[in-house]
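Okay, got some structures for you below.
In what follows, subunit A forms one complex with subunit B and a second complex with subunit C.
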Partner chain A sequence: MYIHHHTCISPQQTFRNADVEALQENTDNKLKAKEPVYDGIPPGILRRMGKAVRMGIGAAIPIIKQQSTDGIIIGTANGGMEDCIKFLNQIIAYDEGMLTPGNFVQSTPNAIAAQMGLLDKNRGYNITHVHRGLAFENALLDAMLMIRENPGNHYLLGAVDEISDYNYNIDLLDGCYKNEKISNKALYTTSSEGTIAGEGAVMFLVNNDAENALAKINAIQTLHTTDETEVRHALRQFMQQHFAPGQKADMLLTGENGDNRLLKYYTAAESLFDDHTTVARFKHMCGEYPTASSVALWLACYPQPLPPHMIKKQGSAAAVRNIIIYNSYRGLQHSFIHIVITHKK
Partner chain B sequence: MSRIFVTGMGMISAIGDAVQKNREALIRKQSGISTLTLFNTKYTGLRPCGEIKKGTQELKDMLHAHEKGTTRSSALALHAFKEAADDAGLSAQQLSSPHTALIGGSTVGGMCLTDELYHDANRSENGSEYLSSYDCASVNLYLQKRYRMGGIINTINTACSSSSNAIMYGARLLKNGLAKCVIAGGTDSLAKFTINGFNALHILSPEKCAPFDRDRKGLNLGEAAAFLVLEKEEDIAGKKTYAELTGYGNSNDAFHPSSLSDEGDGPFLCMQKALEKAGLSAPAISFINAHGTATENNDAVESRAMLRLFGTPPPFASTKANTGHTLGAAGAVEAVFSVLSLYYQEIYPGLHFSNAIAATGLKPETHYRQMSLQHVMSNSFGFGGNCTSLIFSKV
Partner chain C sequence: MEKEQLKQQLKEQIIQFLNLTSVKPADIKDDEPLFGEGLGLDSIDSIELIVLLSREYGITIQDPKEGRKILVDINTMADYIILHQTK
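Entry: the complex of A and B
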């Protein structure tokens, strides 16, 4: 499967005139997306959209405008969380009284893919994968299967999740975020439990056309385990299976997130690579959220060399062609993606 | 590509806590719609529901499901999953194999605990035991952990077509060689969230629902879990098979966030795609398990879409008056009913029907009968215009 267009709304300067050299700083443990002016969404509709739906549609519009697609495949763990809890608050506040259904309808996770279909009058395949930390990976796998089954078709593939005060609170109580406030610039130097929250929307146009593609998704694998040895073993097998003999990864892009409880997984993964491979990280840019690996894929397709603030260890590889993304969500859900860069970097 | 067969089934709904009990209830024309007795809401007595008359604690005790943070949705899923896995004779080793996948649909997930969620979202300390159990994925993550499942695990939420899409996705994993065995289905339990949501949309019936009836007053919510075990022809030598999954199709109606287009483009297209996938022409369908929620919008549109595609539609009925609308579980529940119809060569009647909708004149089947069935279609349509149709065929 090949990636042709990619858009990203994130806490960094990634949408229109993308520039990831300079890192936007944030110090309140919530990296909120820099939302653009949303051209192309009718104002009446835009007003009613929750943030997740808005970011998703906003990121999708530049792609939909260029190419009509045969289907929409979205990964989101929570969809419109803000609307969901707003409706919940109404239920409690009005003691199940007369409620307005707007928030309820907007809160279903498939509202994002549904709205895209509605705006684009797209009657093709429309699906929403919600498997928490592997929601985007399952969407990616689905897109790969669709293209294998329907060669010649184009699909809009994407991922969206939002920070709402409510899910931040639930995840904070659950120990996901740091208790002390830190700068995202210092994410990897704090040795404590928890990480910082993030959000964003990333969209890709995918098909099986190699010509003029940005990148090829060669393989993806997902894994559920809490055992880092198992992760290491699976990643080694993954590379043996999908790399040509003698081929090496030029870059390992990991989801390291400053949570000292998860470091063992990333250390185990890194131990499989030698001096050839550059090790890079991305969560200081977008924060941690269930579909953050979509930002890693967007960065892997980024047309310029990745900036120094992303590099953990510079390798000796002359050019970056083969990239492995390894991401772990809460030390339970893991994914490996093998990307081959087909354009010049 | 390989042929896909159903080798095991499990379900729990308001009309029974096992597949055979559900079948007997369907034959007896039993409705599981009743006044709520376990689930606490202001709408008790005002909005009858398809409530499973087993308390959450009772379910957990029965299933030895005392892990911290286990929700009613997860307990119901476990109940149906166990029955399906046992029915297909899957060993613990097979369940934990990297070649066994679990694909589940859900719309409510752990949000059945609406009050707990409210408190956890709004307070600053003393979180409940359910902090990581509210999302839809929590159900399948629970099953994954309990059975140490090693294959692809996925959760799909496309509203009321979620578990039909889970079954379709599972079949595609098998056909593409990414799994040898797939357990696919869905679960949803009653929640203040959905009762209030559907009530705010004015589509909950104050009476027992009457699918396809001229005077229908809306839907009854229900709760259920159902799973089907899907395996490839080459891997099931000598095994009992219930039916073959021959067709599936999904289409987006692209009309409105919570209602279907007048002409039923999405329903029409998904049925058409499923026929194409199965390599069948419309007259080959022997029976349709319709989505038939008994809302004003759904039944009129589904009828028109059936008329458009079939001219004269085959016999059809909806089982929503038996189980209630079980949302994310509905597609799997009705897939099981469709498979039972084929396996036993019988059709289950729709309840509470008196008069046909004037504009379409279509009458659902109202009597249980034995009937020769080759191909049964099962429809599921959800919010956002998400429409999915499955076709099962006789083996």
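Entry: the complex of A and C
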């Protein structure tokens, strides 16, 4: 499967005139997305949209304007979480009585792909994957299978999740986020439990056409385990299976997120790579959220060399062509993606 | 409450309930149609307005035909509220 176009709304300058060289700093443990002016969404529809829907549609519009697609495949763990919790609070506040439909309609995870379909008048395949920390990976796998079955088709593939204030507090109590306020610039040097929250929307145009493609998704694998040796073993097997003999990864892009409980997984993965491979990280740019691996894929396809603030260890590879993305969500859901860059970085 | 005061309050509530962030109360004329032309509201908004009447004024609209006569413009809504509000 080949990626031909990609857009990203994130806490960094990634949408229109993308520039990831300068890192936008944040110190309140919530990396909120820099939302653009949504030109392509009619105001009457925009006013009802929650943030997740807005970001998803906003990121998708440049792609669907450029190329009509045969289907829309979205990964989101939570969809419009803020609207969902507003609706649940209404149920309590009004004693299950008269409830407004707006929050409910916008809160369902499939509202994002559905709105895209309505705006684009796209009656094709329309599906939303909601497998928590592997929602995007399952959407990606679905796109690969669809393209295998329907060569020549184009699909809009994407991932969206938002920070909900209510849900942030629940996750904070659950130990997911750091209790102390830190800067995202110090994410990897703060040794404590928890990480920082993030959000964003990333969209890709994918098909099976190698010509003029940005990158090829060569393989993907997901894994559920809490055992870091199992992660290491699975990643080694993944590379043996998908790399030609003697071929090495030029870059390992990991989802290290500053949570000292998860570091063992990333250390185990990095131990498989020698001096050839550059190790890079991205969660200081977008924060932690269930579909954050989509940002890693967007960065892997980024046409310029990745900036120094992303580099953990510089490898000796002369060019970056083979990239492995390894991401772990809460130390339970893990994914490996092998990308081959087909344009010149 | 005076009718003029009620209409001003109603406009503010409509903006809040329907998330009309780019509209100010002064932009909504008393005799301007709420649906179609004018404010350009749609069927989902009509449900939001029925909920507004219920929550803020204790008015329950059961008959859709009745709703069509009430939710015409600010004047018709205010007249109905004055006659039927229970809170």
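The rule is simple: the second predicted complex is superposed on the first by the 345 of 345 C-alpha atoms of A that agree within 3 Å, B and C clash if a C-alpha of one lies under 4 Å from a C-alpha of the other, contacts with A are read in each partner's own complex, and residues count from 1 in each chain.
By definition in this document, contacts are C-beta pairs under 8 Å (C-beta built on N, C-alpha and C of every residue); 3 or more make two chains touch, one makes a residue touch a chain.
This structure is a prediction, so every number in the text was calculated from the model and none was measured.
More subunit A residues lie in contact with B than with the other chain of the pair subunit B and subunit C. With both structures placed on the common chain, the touch criterion links A:G44 to subunit C but leaves subunit B unconnected. In the superposition on chain A, A:D227 makes contact with neither subunit B nor subunit C. Shared-chain residue A:I170: touches subunit B; no touch with subunit C.
Contact with subunit B, but none with subunit C, is seen for A:Y125 once the two complexes are overlaid on the shared chain.
Of the two partner chains placed by superposition, A:D19 touches none, neither subunit B nor subunit C.
Within the superposed three-chain model, A:A77 lies in touch with subunit B and out of touch with subunit C [touch as defined at top]. Of the two partner chains placed by superposition, subunit B and subunit C are both touched by A:V105. Overlap of the subunit B and subunit C interfaces on subunit A comprises residues 98-101, 105. Partner subunit B is touched in their complex by these residues of subunit A: 72, 77-79, 84-85, 87-92, 95-96, 98-101, 104-106, 108-111, 113-115, 117-118, 120-132, 134-135, 138, 141-142, 145, 148-149, 166-167, 169-171, 173-174, 222, 224, 332. Residue ranges of subunit A in contact with subunit C, taken from their complex: 43-44, 47-48, 94, 98-102, 105.
Touching subunit A in their complex are the following residues of subunit C: 17-22, 40, 42, 44, 47-48, 50-51, 54-55. Touching subunit A in their complex are the following residues of subunit B: 41-43, 107, 111, 114-115, 117-118, 120-125, 127, 131-132, 134-138, 140-141, 144-145, 149-150, 152-159, 165, 169, 172-173, 175-176, 178, 192-193, 195-197, 199-201, 250-258, 265-266, 269, 382-386.
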